[in-house]
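Here chain A shows up in two complexes: once beside chain B, once beside chain C.
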Partner chain A sequence: MTKPKKVKPVYPVSVAGVIWKIATLGIVDAVVFFMIMVMVAQERITEAIVAVIVALIINWIYLRRGGLPAKYLAPGVFFLIIFQVYVLLFSGYTAFTNYGSAHNGDQNLAIQTIKNAAYRVVDGGEDFVVVAGTDSKDGKPALLLTSNLDNKVYLGKDGQQKVEIPEGNYTLAEGCADPYAEDTTTCAHAAATAVGFTPAKVSDLTKFQLRKYYSLRVVIDPANPNLGIQTGDLATASEIQATLSFDEKTKFFTALEDDENGKFMAGDVFKPAENGYYHVDGKIKNAHLDAGWRVEVGLKNFETIFTDEQLRAPLMKVISWTFIFAFATVGSTFLMGMAIAFLFNHEKLKGKRFYRSIMILPYAFPAFLSAYVWVGLLNKEHGFVNTVLLGQPADGDNNIPWLLEEGPARWAVLLVNLWLGFPYMFLIVTGALQSIPAELTEAARIDGASPWQSFRLIKMPLLLVSIAPLLIASFAFNFNNFTIIYLLTKGGPNDSGVTDYDVGGTDILITFVYKIAFSGTGQNYGLASAFSILIFIVIGTLSLISFRRTRTLEDIN
Partner chain B sequence: MTDIAPLDMSKFKYKTRRRGPLKWLLTTGWRHLLGLVIVVYTIFPILYILSTSLYPNNDINDTTTLFAAISWDNYDALLANEDGSRPFTAWYINTVIIGVLTSIGSVFLSALAAYSFSRLRFKGRRGGLMSLILMQMFPSILGLVAIFSLMSDIGEVFPQLGLNSQLGLVMVYMGGALGGGTYLMYGFFNTVPKEIDEAAKIDGASHARIFFTITLRLVAPVLAVQMLLSYIGVTSDYVLASILLSDPEKLTLATGLQSLINDPYSKDWSMFTAGAILAALPTVILFLFLQKFITSGLTAGATKG
Partner chain C sequence: MKLGKIAAVIASAALLTTTLTVASPASAVQNLVVWADKGTIDTIKTRVQAWDTANADYTVALVQKDFSTVRDALKVAVPKGQGPDILAGAAHDWVGNLVKANVLLPIDAQLPANFKDDFINGALQAMKYNGHYYGVPGWTENIAFLRNVKVAKTKVTSINQVKNGEIGINYSATTSDPYHFYPFQTMFDAPVFTMDSGGDWTETVGMGGTKGANFAKWLKTKGTAFFGKPADAKILCNFLNGKIKYWVTGAWNINAIESGASGCKKGLVINSTYSIDSFPKGPTGITPKQFLGIRGYLMVASGPNNTTNVAGATLLMRYMSSEATQYSLYDNFNKTPANKAALARAKDNPVIKGFADAANTVPMPNSPAMDAAWVIWGKAQTRIIQGKEAKPDKAWDTMTKALQAAINKLN
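After this line comes the complex of A and B, so read on.
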């Protein structure tokens, strides 16, 4: 016999369907067109081109005949690519870079950051109250300056000298120019707007626009470009003296003055070095400027993970606790949930609905709220657990320092997680129990099996077969159960002084990595991403192996 | 075919003699006793915050007796928002809007995808499903850096979609839609007989019509449960919301309530507990009413195998 030839399904086309399709596509295209215009206006040509390509692909998917799967998958895949695939690839790439608080953009951004900060306010120089806005004639960014010296009002634009605005052509603001002025009736007022100037609302400005204002330098003396008027906060501006000069051609910075701390001298030339900093003469052993940019560092982050002495001890501790935490949580919640499920799974038991309604409460109660409530309950001095359940006086000497010392904190985390997790296990075990055919246990009983035998030899195996995938999922979830640890203890109590890293007694891998990336001063995204990749590999492999063994994936075919 | 009716066992069960107290204790009584212990363990933290929220004072740790006093002061103060720093009602509305948009959107997206995985045959179908499952293993917390920088980049061009934008947050949640729901939904679509599709097709229905008016209708209860679970997941998310939203007016309940007890100098436990009760109330009620469906939604993956 030969296999029947696959016939491509042909679906009929309806007029209403086509109209719907065209209308929806039209709206999508209109929105995309608008977005592309905005991108072009902001000089983001690469992004605009990408958007055009994406729009073309979407239109192609929906306008051609056939290709049905793509039509159904496209909307979800669109979001998936932006927020998951991109995120994964970005993390993967970041793992091989030095991305972090000191290296958080490309070289151009670093240059701009350096330029915008490379000045000092001239002692005794004139300063101004600032309103940010645009020149009504050409739409370019401009500053409306009111001198604190003589209350004269000027319009300042980048690279040009300030232009005085004659009285009568500007309107004064209502409040005092000096917000700390004691006498509010006679205080000086600054200009709020003027003829030929359109003020902007600072909170509505994008970062892109803000950067333009911060780099705006009004020229004082055309012969000396290193002197100017600049604002650092869009509220006040001062006469400044640049401390570095930048050569647009070579992209080198040159120091104009000696460094206050003696790290470099006037005339030193800063050149980009391969570590993502501007170093004197481009040599890493020399001094560097503060802002750096992101560069690829190869396997350095992974090397750190495996060889850094500072990291080894805390990392070992964190890893072992992560496994203890995940296993203990899955084990304890499953055992308790199963015990309760069996307890209530009795045909003659009345009030099953009542019990189930109560059991479901911890699961229904939002977990982040539960975590906070438990923080209160476990308070050492006045917490309900210490004072009422354990009968200690408030502020008593023998009160258990839940959450404050490593041992009790670990127990507390496990107990709270048991409270949070057992209802879920109870629900799924009950569901699975009810799906075991009664005939099976009936038959076993008739064959003379004791209840224990029927539990151990019939119910348990059947139960485990159907629940194993959920247990694995639960393990994977708890392995990365950030919320509960972070909200209960923030990973603490802190192991202060033991290591350079911010690590505590209840830190699991994920909270530890989170702290590397986000807490403190030395935010190191590169190292954190390297960790994420490793965790992903470990968890992914574990789950794949166990899913394979439980054959969940087989019914994908 | 036989005419013999199956034996009705229930008739026999009820004919047993009325049992004595000892018998009762041995069969179901001890279960009730243990049940009582479990009920107490389960419910005391919840009773405790309920009691604190009704207690007219400012400290969760002041009361040692449950329901020592009952007043609505905390609720009044919370809703009045006198100093303007805790716009609780705004948080509430934000949360509901974000939750509803996300749950509808993501269930719709994953239903679309699940339909194509279940009904259509195409290259990379198996690989696609596998990679969806795998992608879920990536700890989302660790994508935060990428998500944050992505959103801040988007925000530079489109402030309405970037950081501190609720629409942006909804989009980020939607990114997880495929990974989260497709596989489960795929299982449900498989339970809908293909013959129905075939019949409709012969009758001249287009694929979109079959999907929207037949398949989706048939799995509607499952979609509802999925939406509910997704709504709960989204509304209790703390981490993403706390990283992406910053304006007090724009916060969700999870991040807003946290701000009530975050600052060690102005901790306000009573307000927090009142807020927590109000925040949890709708979900708890929904859970209690829909517990049957929810249980079946949870165990769907388990009992199928």
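After this line comes the complex of A and C, so read on.
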């Protein structure tokens, strides 16, 4: 046997094609280049490196000869990674963290927040009017301070005691000492400049320079280095007592004063604990500082789902309703769609096309629009359903509280979803019916089968072969049908007893998860992600089992 | 061929670099970014622009955000260093939640010693959380006991004098409205949280125990016969027509009252046909309290690098809290000033005066605990009013315990 000789395929090269290719690649590379520059400017080096690698791969794929499949697949794979794989990995990762309202951002942000608030203004302390500038001798940042108490003028530098400037060595400003004064005619004036001091224009300072001024602390008493004069706005300064000190090396905070509520004492050391807070000695049972950050918490979110007493009752309710909702929706839409499909499939019916088009209309309108229209129709006081269909007076006492009480709201959700969903089933059943050969039913008829028998034993099994996978897909879709629930009832009505989770009568799992993530008592993205992983497992398992089952259907064929 | 491609790539890259360098010249004017909802922007725009014009060193960009989602947007933006410098029109009860999410910057050091005396009692303290001030007050809101003078000639002094079907109060069938019911609750001395010796709210639920139980039982006895149906769309009309005598509401409904509503009578005139009263005393003679809501300006911490323009933002915030600005906001937009001097001048307006004089207010708590409370609290309340709880005191007790559990979980 001779091996077939490997022939390198030769592709025709067209000039237009090459130009087109160069132009497109050029644009892609330009965009990537721009992104990289922005990333580097923001010191996001990892992202920049990833971008470079991705760009190189893309260029390699399209510039080399051959490798045609890769050229077709690359864009799809690229977007799949960005929009699916990355999102999946990220929410998967989030499920194992405590990311949420109280753990927003990384440890550096928390440290910065704690530092920002690690002071208190001394009661009855001296206030100053401030001019920011530099010491003319060494060019270091300095503050020109005019006391509001006795109008004495001082030069203050970071970590040094303030130095009084004798009268005659400074000149007063024309404007008011108080930069916020509304009456500019009678106000006191403060020093604007002095010998040995170069004032700076605040608006010319860079953010980096500004930061130096904000952290500049002029010492008042060398015996107490934690008491100082500080300015927050480069216009006024107050006497400030630091309440915490920070060690840049160990990243620990130390309390300088007793807590006013007695939670901790001076000298207590705050260390990062594994729950994303600074606790005294790093032990969770001890007091902690308020700012938290995002940390990995292992399986804690899953533990909460299975062990939280407050969560159990509402969760069971939500889960059972989710299944009822998904099954009932698939069942009702399929039955209704199939019934109509059979009806309009009748050979002797005239105007089939017209009827079929009409039937598809609810499906043709955007679901968002229909849902909002239904909210209006189901209004308790003035809605069409109550006032016209049920003949109740507007604002009557016996009107059905659609959407306002759990029972009616559940029926309302199911009805609206039936309205929105049956045309789809009608469409696919109609399509499937066309593909059932007429000989089969004819043969059945000749053999003496009743219409019911021919439907049950011939048409139904053949229909299910092609439609069962779609029913499963429809189940999975409705299991997560966020839109319809959220637009109709927002998961409400919310009157089912007391629990500290925000859960309503028509909440399905996905809307419940949404509420955990984005509303109510502070966001908890970690818990919500854990939930969505569980939902994925539930749907995945159900779909897998169902698809296995449908294989047996195919065997009938 | 290949060379050409590479050249094209290089050329396009080079072109991009030059455009970039040209596009970002060093500017001496500093930019302040203010986030606010639409209503707030409409209100403060003129004054902010006036400040902008007067301060050549700064330019202010007002960015519109949705009121209900601006907090979430802030929590996402700040850790990335993309937050604004100021959050304007913020409700003061957001403060605790935002501080916990690491997005606010304390401003104590910039405030003069007796700054709080410039504002009505509690207004600046409402911007305080964990011992630090995070913003300045802008305007205030509170509810009062409105009376249709034609059908109720004299002011009621005790809730016992009010009969069934005489009160209108807006509340939802599912989550009630604890804000509007708070005066009735405090008639039983059952405040939402306890207060410490310094008069600051704690995070310990204070509405449990016998007092809370008494209120719950009273609510059940009164029920919808006394307070009316939930979500009643006809309260305004009934009040104008004199079908109900009293309406528990705030200044936001005054326009509707004075201009009338379609399908019912035309509007009422303050003092001659309607009056803004203080709440009557409780069944046992306790004077009720209302929540004072304060909308203010909060200083935002712009991420890990603290890039907030503190100097400029402080100037602008102090300007917005000044007498002149707050009087102007009252004059043009009927916002009740938090600034004492401005409020004194605004009192020539009978509506402002009415609500200010009727007020026996306490600032609404601004801790995350308050955020957590509304739904749990309201759910129990509305079930009791609608007679869905056979044992109201027990339901109330369950609610307070669930609430405390929810609050403890926040920490």
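Throughout what follows, the second predicted complex is superposed on the first by the 352 of 557 C-alpha atoms of A that agree within 3 Å, B and C clash if a C-alpha of one lies under 4 Å from a C-alpha of the other, contacts with A are read in each partner's own complex, and residues count from 1 in each chain.
By definition in this document, contacts are C-beta pairs under 8 Å (C-beta built on N, C-alpha and C of every residue); 3 or more make two chains touch, one makes a residue touch a chain.
Because the structure is predicted, anything quoted here is derived from the model rather than measured.
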| item | value |
| --- | --- |
| Chain B versus chain C as contact partner of A:381, first or second or both or neither | both |
| Contacts of A:518 with chain B and chain C, given as first, second, both or neither | both |
| Which of chain B and chain C A:61 touches, first, second, both or neither | neither |
| Touched partner set for A:310, first chain B, second chain C, both or neither | second |
| Touching partner for A:76 - first (chain B), second (chain C), both, neither | first |
| First (chain B), second (chain C), both or neither touched by A:449 | neither |
| First (chain B), second (chain C), both or neither touched by A:204 | both |
| First (chain B), second (chain C), both or neither touched by A:22 | second |
| Winner by number of chain A residues touched, once chain B and chain C are compared | B |
| Overlap of chain C and chain B interfaces on chain A (superposed complexes) | 104, 204, 207, 381, 518 |
| Residues of chain A touching chain C in the complex | 18, 22-23, 25-27, 29-30, 33-34, 37, 63, 101-102, 104-106, 108-110, 112-113, 116-117, 119-121, 124-125, 127, 179-180, 182, 201-204, 207, 210-211, 214, 230-238, 240, 260-261, 290-293, 310, 381, 395, 401, 404-405, 492-495, 497-500, 502, 504, 518, 520-523 |
| Residues of chain C that touch chain A when the two form their complex | 1-2, 4-5, 8-9, 12-13, 15-17, 20, 28-30, 57-58, 72, 75, 78-79, 97, 99-103, 105-113, 130-132, 173-175, 196, 231, 233-234, 301, 303-307, 309-315, 318-319, 322-324, 368, 371-372, 375-376, 379-380, 382-383, 388, 395, 398-399, 402-403, 405-406, 409-410 |
| Chain A to chain B touching residues, read off their complex | 9, 11-14, 17, 20, 35, 38-39, 42, 44, 47, 68-69, 72-73, 75-77, 79-80, 82-88, 90-91, 94, 99, 104, 204, 206-208, 340, 343-344, 346-351, 355-370, 372-374, 376-377, 379, 381-384, 387-388, 394, 419, 423-424, 427-428, 430-432, 435, 465-467, 469-470, 476, 480, 482-483, 486-487, 510, 513-514, 517-518, 525, 528-529, 531-532, 535-536, 539-540, 543-544, 547, 550-553, 555-557 |
| Touching residues (chain side chain B, partner chain A) in the complex | 13, 27-28, 31-32, 34-35, 38-39, 41-43, 45-46, 48-49, 59-62, 64, 109-110, 112-113, 115-116, 120, 122, 125-126, 128-130, 133-135, 137-139, 141-147, 149-150, 152, 155-159, 171-172, 174-179, 182, 201, 204-209, 211, 232, 235-236, 238-239, 254, 257-258, 261, 269, 272-273, 276, 279-280, 283-284, 286-288, 291, 294-296, 298-299, 301-305 |
